[in-house]
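For reference, the structures are reproduced in the following blocks.
Consider the two complexes below, in which chain A is the common component and chain B and chain C are the respective partners.
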Partner chain A sequence: MVKTILQRFFQMIIVMIVVTILVFLMSYKISNPVYLLLPETATDEQVAEAMKELGLDRPLYIQYGIFLKNVLHGDFGNSYFYHQSALSVILEKMPATMELVLVTMILTILIGIPLGVFAGAYPKRLTSKATMTLSIFGVSLPSFWVGMILIYVFSLGLRVTPVSGRGAVGTILGIETSLATLDGWHHIILPSITLALGNIASIIRLTRAGTQEQMRQDYVKFARAKGVATRKVLFGHALKNTLIPVITILGLQLGDLIAFTTITETIFAWPGMGKMALDAISQNDRPIISAYLLMVSGMFILINFIVDVLYTVIDPRVSLGGEE
Partner chain B sequence: MTKSGQKNRGRLRSSQFYYNYTHSPSAIISTILIILIAFLALVGPYITPQNPFDLSSLDLSNAYLPPIGSEGADPQFILGTDQQGRDIFSAVVYGSRTSLYIGVVGVVLCSALGIFLGVLAGYYGGKADSIIMRIADIQLSFPSILIAMFLMSILGRGVGNVLIALMLVGWVKFARTVRGETLKIRKMEYVDAARVIGLPNWRIIVQYILPNVMTSIIVLATMQVGTFILLEATLSFLGMGVPVTEPSLGMLCSDGYKVLSSGRWWVSIFPGLYIVFIVFAINMLGDFLRDELNPKLK
Partner chain C sequence: MANILEVENLATYFHTFKGVVKAVDHISFSMEEGEVLGVVGESGCGKSVTGFSLIKLIDPPGKIQADKIEFDGQDLLGKSEKEMNKIRGGDITMIFQDPMTSLNPVYTIEHQMDEMLRLHQPQLSRAQRHSRCVELLREVGIPNAEERLKCYPHQFSGGMRQRVVIAIALASAPKLIIADEPTTALDVTIQAQVLQLMKRLVNEKGCALMLITHDLAVVSEITDRVNVMYCGHIVESGPTRSLIDRPLHPYTQGLLASIPGNGETRDDERLEVIPGMVPNMFDLPKGCKFAPRCAKCMGVCMEVEPETVTVSEGRRVACHLYSGAGKEEEQ
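And then the complex of A and B:
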């Protein structure tokens, strides 16, 4: 097992290097920072001189080397817009995004898994069929539109929730978070529901498929023949085996959630790093864009690695290949 | 009708699939909805009261009229108008044309790429296989919305660019499925037989492999059309999708979002509702097809 984990770790490093190359090429292609620094009236010589000063006239691979060295030192450059280091801007915005993702994840698990188990255990019941149709509906909803509807109904119509923003922040374990205040919870409800809807729908489908498969297994039939109550079979035996793939998918969905915070945060004016990334794209704030992409890619790759490793730990039947 | 045509029809009629299809309300309803949506998109330009993207046909004095049923509505604009006096109903119909075009063409492109690479990996194996599957694995660890946003920020807005981005985002699913099935089919006796009589590889692929992976492709493709329509709408909502000159449901929503707080809900609600309607119909059909044809597909 140690060998496979090492192998995956090595793979992870390679992927990370590929990502830095892609991000470097993108930021190289998107814009030339010289034009942002110089006045519009600058002559060709001035441009050439500035490019020389910034090292932009050197071969691409040397520029990439410098970029990689800076990145490894945590230096992504200074944001053109915030006038401070891109890394510190992102770290400042990260807690807001993470608390949103956390609440969404909890909602997904608390609602999605029980509904999925129920629909899988009693597939013929009307409530199960309704759940499945609703879950198709759930994956058909554009998240930006759901956010708008929720704002329209609950914030503008019923006036029970605030329209936008993060609300007051308090401190839990030294981290500034809106989860520490009632006002913060008030603000987080709508964005996290928006983010959770699609996720809940797909978790329901997966849990149902898994439960159905387990219900056909011999051990379930045996337990039933022995006279064990269906509920006990379901939660005592079947659920454990169903949860293995569900945990994997939850891990992978974490990545999707982080990506979708860009949209949700924009709609609810949530001051997290997703909104920051989209703003940076429209402001052409190159250091922020590349820092964001590298940070979230790093997170995705790490999540994948952890999920893979966890998989072998939870389910000893799985080998990641390589070993027999 | 030819004789073989009649025979095929008889075979279809007596098949399990046909029976299940005609006895599944959700399959029939979703088919009818899809036909209606496609019909509306096709005849759209002939039945809508105005061409909402022809600036000369717009009248600013008609701006922000509410939909019929509310006070101050004009019966000419059943779903109301936006800030430029554009009829929302016409705009939604025109926008659905873009959505369907991008969804269908995008799926055709990405399934072509995916099938090609999948067969290459599954049939020939070796280096090509490991390279293609490695790339697929890496790509799968990134959310497709982020890859699409990344690509669009490099390529810039445009219908063609959206299609390129969708193709690069979507090929992985097709390639993995096709590869898996090709690996299985390649070991079948009829493929061995074909090889023994000396058929070239390309004929084995076209005659024996492709027809057998088709059912999975159909299921995947149906689901993917819905996904792509949502993805296009999201990109356009963020201002990274189709250009402003093209009608788009996502862009209509984003225009309407700016005036939502002033109570003009119809500008953004109707376009979004129509996206949900289209994608829901497609996903219902896709769900039925998956259960019937290949329950193993995710």
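And then the complex of A and C:
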């Protein structure tokens, strides 16, 4: 087990190196930051001089080496616009996105999985049919539209939730988060529902399909012949067997949420990383873009790794490629 | 001896889109304490449904009806789902056909045995349950019981898994075990071992065994009495020895004649077969269900369903050859 985890870790590092190369080449190719720094009237000599000063005239591989060395030291350079280090800008915005992601994931798991199990176990009940119909809406409605409708109904119409913003923040474990205050929770409800809706719907459909398949298996009937109550058969026996694909999708959703909350953050004026990344791209803020891309890819790789380890915890027949 | 199980007019119908399937159609039988009863018949004749009906494990669109299902003095028909869950796995346990699929792949053997003990013997402590699991695995002949408990089903061979399933079925000291084709999925040598094991354990514990199988050889080996089923009816029943030596119903005769090397068949003869196939359950013949395939079919067989008659001590058969109507026609 330890050996396979170490192997996995090694693979993760290789993937990360490839990602740094891609990120470096991309930001190198996008544009030349010198033109952003110098006035429009700068002469060719001034440009050349500035490039020399910034080290942009050196060969590509040396530039990459410097980039990699700095990244390893946590130095992504200073943001051109915030005038502070890119890493600190990202870290400052991160809690806002993460709290949104956390609430969304909790909603997805707590609502999606039980509804999916029931819809799969009792496909003929009216509630199951209603769940499935609603889940089609959940899958197909675009989140920007859902967000706006939610604001229209709950904030403008019923006036039960604030329209936008993050609300008051408190501190939990040294991290500033709106989850620490009631006002913060008021603010987080609508955007997290907006984000969760589609995810809940796909988890319901996936769990339902898995449960339906498992309910036909002999071991389910055997468990019932043992006198296990139906609810325990569903959540104790069948669910654990349906979890593998569900965990896979949950992992992907988590990565997606961290990286692409952009639209929802924009609608609800949520001061998170998505909004920041969007601004950085339009302003060609290279250090922020590359730091953000690296951070997001790192997250994806880490989540995938955790999901892989979870497989082995859930299903004893899965091994991580190493010998037993 | 007292009867542990009495079933009267059990009928399990499946109301499907295409029509009603009478999987089990008004059968009556009983079992004595400690008795081994064989239930024999071709695929789809209602053997398994009979077994599942007894513990009311029939899913919709199936419906169970009966005048009486009395087990150990209790009326099972009136019991709620919750009360049935006490009996399932408690006094009545089951062994399934395919040991490869009847254990949950994601839990250890111990977890699955322990579950049975937790449900039906809640007075036991954790340590007591563990030692009981070890003891049970030893009883069914699994070496290294202590270590094997921590294994998952996929780490066992088919025969070993069926032993685990048997151990689970024995865990709660049941009064009746329903074994649904317990050896069908195993290869022949393992079959013999598992049968011997079941026979020994049932004798030791004094529990009754209902052995559902299509294999008459298995039946002759370990059962005391046999019910022969065809299309949801019990066509013949009686003590095993006498029934195999002197089968009355043409269907039983056909089944026995189709076993290689049995009775009159000699090496140079072709094996006898029962012509035709089990009829479509949606469209059963009007009279005797076996009539279209029966060599001794008479006019009355096509029209009237035969009554079950007692021929001699313990021997009952549902065939016009032995009933009043048939005898008259013959003369």
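Please note the rule applied: the second predicted complex is superposed on the first by the 312 of 324 C-alpha atoms of A that agree within 3 Å, B and C clash if a C-alpha of one lies under 4 Å from a C-alpha of the other, contacts with A are read in each partner's own complex, and residues count from 1 in each chain.
In the analysis below, contacts are C-beta pairs under 8 Å (C-beta built on N, C-alpha and C of every residue); 3 or more make two chains touch, one makes a residue touch a chain.
A quick note: this is a predicted structure, and the numbers were derived from the prediction, not measured.
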{"item": "Touching partner for A:Q217 - first (chain B), second (chain C), both, neither", "value": "second"}
{"item": "Partner chain(s) touched by A:Q283 [first = chain B, second = chain C, both, neither]", "value": "neither"}
{"item": "Chain C versus chain B, contacts on chain A by residue", "value": "B"}
{"item": "Contacts of A:N241 with chain B and chain C, given as first, second, both or neither", "value": "second"}
{"item": "First (chain B), second (chain C), both or neither touched by A:K226", "value": "second"}
{"item": "Partner chain in contact with A:N78 - chain B first, chain C second, else both or neither", "value": "neither"}
{"item": "Chain B versus chain C as contact partner of A:V18, first or second or both or neither", "value": "first"}
{"item": "Chain B/chain C common contact set on chain A", "value": "none"}
{"item": "Chain A contact footprint on chain B (complex, rising order)", "value": "26, 138, 141-143, 145-146, 149-150, 153-154, 226, 230, 233-234, 237-240, 250, 253-254, 256-257, 260-261, 263, 265, 268-269, 272, 275-276, 279-280, 283-284, 287"}
{"item": "Touching residues (chain side chain C, partner chain A) in the complex", "value": "55, 57, 60, 81-82, 84-90, 93-94, 96-98, 101-108, 115-116, 119-120, 152, 154, 165, 168"}
{"item": "Chain A residues within the chain C interface of the complex", "value": "124, 217-219, 221-230, 237, 240-241, 314-317"}
{"item": "Interface residues, chain A side, partner chain B - complex", "value": "15, 18, 26, 29-30, 133, 136-137, 139-145, 148-149, 151-152, 156, 163, 252, 255-256, 258-260, 262-263, 266-267, 278, 281-282, 289, 293, 296-297, 300-301, 304"}
